[in-house]
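Got a structure here, written out as structure tokens. Questions coming.
All chains are identified by letter, namely A, B, C and D, in their written order; residue positions are counted from 1 within each chain.
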Amino acid sequence: MSAEELEGFLYAHFPEMEPRYYRVEKVADMFAQVRLKYDARHLRPGGTISGPSMMSLAHSAMYIAVLAMIGPVALAVTTNLNINFLRKPAQADIIAHARLLKLGKRLAVGEVTMFSEKDPDPVAHATVTYSIPPERNPA
Amino acid sequence: MSAEELEGFLYAHFPEMEPRYYRVEKVADMFAQVRLKYDARHLRPGGTISGPSMMSLAHSAMYIAVLAMIGPVALAVTTNLNINFLRKPAQADIIAHARLLKLGKRLAVGEVTMFSEKDPDPVAHATVTYSIPPERNPA
Amino acid sequence: MSAEELEGFLYAHFPEMEPRYYRVEKVADMFAQVRLKYDARHLRPGGTISGPSMMSLAHSAMYIAVLAMIGPVALAVTTNLNINFLRKPAQADIIAHARLLKLGKRLAVGEVTMFSEKDPDPVAHATVTYSIPPERNPA
Amino acid sequence: MSAEELEGFLYAHFPEMEPRYYRVEKVADMFAQVRLKYDARHLRPGGTISGPSMMSLAHSAMYIAVLAMIGPVALAVTTNLNINFLRKPAQADIIAHARLLKLGKRLAVGEVTMFSEKDPDPVAHATVTYSIPPERNPA
């Protein structure tokens, strides 16, 4: 699936992923890059992006990386997410780089590194596991 | 802090924790119980509570358990969250039981078990670590 | 499987789990209690039980809890382990309480709380996920 | 500290890290590469490297990456380790690439990717957090 097709699929299935906040910037083999727009809705006290917004971004970015490889499987379910918060984000967009470490028949595992725009040091790092339903290719 | 004081603090500091969705039901020694109301905004495809909503609930519930012990420290920051999604939630409220495993000078660590209302089997389980700022009692 | 049968199975299949170090003290529905004997081999600088020894204990204790429920399946494989180290252990045995949170067809997930003998505060807490092979009952 | 100095420090402080099993192959800015020799002691049923051996390797490799940056601080303690097991390792050495994501005053966080020798697909991936004692520079 292309970045545009993925955006369309996501906006249709996940009401919380509003187009004005999330952008699928790039998909490639075992990789997706997703941007979370800086917006008052995602802020925590102090004016930076909240922890839950970064968790949600990591979760979505990995889902996009999986979908880009196996096609639209809305029923793939997350089984585990682990996130380390590393630095206070800047008052700027967050860019997530999601990279699949494994795409198996039953499980997909990947890591997501998140950056504040224009800063080379990551603000957060997550690993995410998706369980892929057995009937993934019913056709 | 009492459950009511905690709710007031949270609503004031975290705009995303709207009173109609979150309720602090109980606080006790090293423990907090928080309810996430079932609402269209938190749903994923299939009509159940989304993963990000449960992550956000785990994150908030542990924060409340920490605040209840050390008082209003809006600057405590999450350093790690690990969540396992166990079962598809029912179309019902989610109740989170947050229990502190350690409350140290620098780190607070706890676990959060989440249940669909009226179901004894947990739908998700998380562990969360908060870093406590050195100047936590400046008064 | 009983505690004795489990010990026999483990010693036969896992050479590193020597009888003099590990004891399966109790098995019950979705639960196992395993003891790691205090011994020079498991120490870190300062004379306390090392992190790797506690990780290994958590891993084994959960495996035992799974085996006790589904029988000897040496091919069940760990997919994820997350551990938080909470306190410096005493110079004493470590007792692990492993509790299954979910025993599904494909995945088993549980949590392990570890204590120094005679101390009620946990020294470490882990969550562990095992993948159960599809052909789990070939007989 | 150089790779040789680190090996000397480790062998002296961690009796379980015997020279014949562990090799510090490379240290660089925020990075360490450590090899675990394939040996009967680290095997699980089926003849591959056991999960606990890979957890121990991840733990050591990150410790080495931290020591290489801040000098010999035997009292740095692990606070969290999360590991995803991705593939069955080959009957071969495991090489760990440990990369620091953050080296703060209080916490160091990094990720470790582990490979079977000669295979480009990772066999396991871990994130590790170390707490750095306040008195790290007593001089």
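Throughout what follows, contacts are C-beta pairs under 8 Å (C-beta built on N, C-alpha and C of every residue); 3 or more make two chains touch, one makes a residue touch a chain.
Please read all numbers here as calculations on a predicted model, not as lab measurements.
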Of all other chains, the one whose Cα centre sits farthest from chain B: D
For chain A placed onto chain D, the superposition rotation in degrees, Cα atoms, nearest 5: 180
Interchain centroid distance [CA atoms averaged], chain B/chain C, Å: 28
Distance from the mean Cα position of chain D to that of chain B, given in whole angstrom: 33
Euclidean distance of C-alpha centroids - chain C vs chain D, Å: 22
Chain A: positions in contact with at least two other chains: 79-80, 82, 84, 129
Chain B to chain A touching residues, read off their complex: 13-16, 40-41, 43-46, 50-52, 55-56, 59-60, 74-75, 77-85, 88
Residue ranges of chain A touching chain D (in the complex, touch as defined): 80, 82, 84, 86-87, 101-102, 109, 111, 113, 121-122, 125, 127, 129
Chain D-facing residues of chain B, complex: 79-80, 82, 106-107, 129, 131
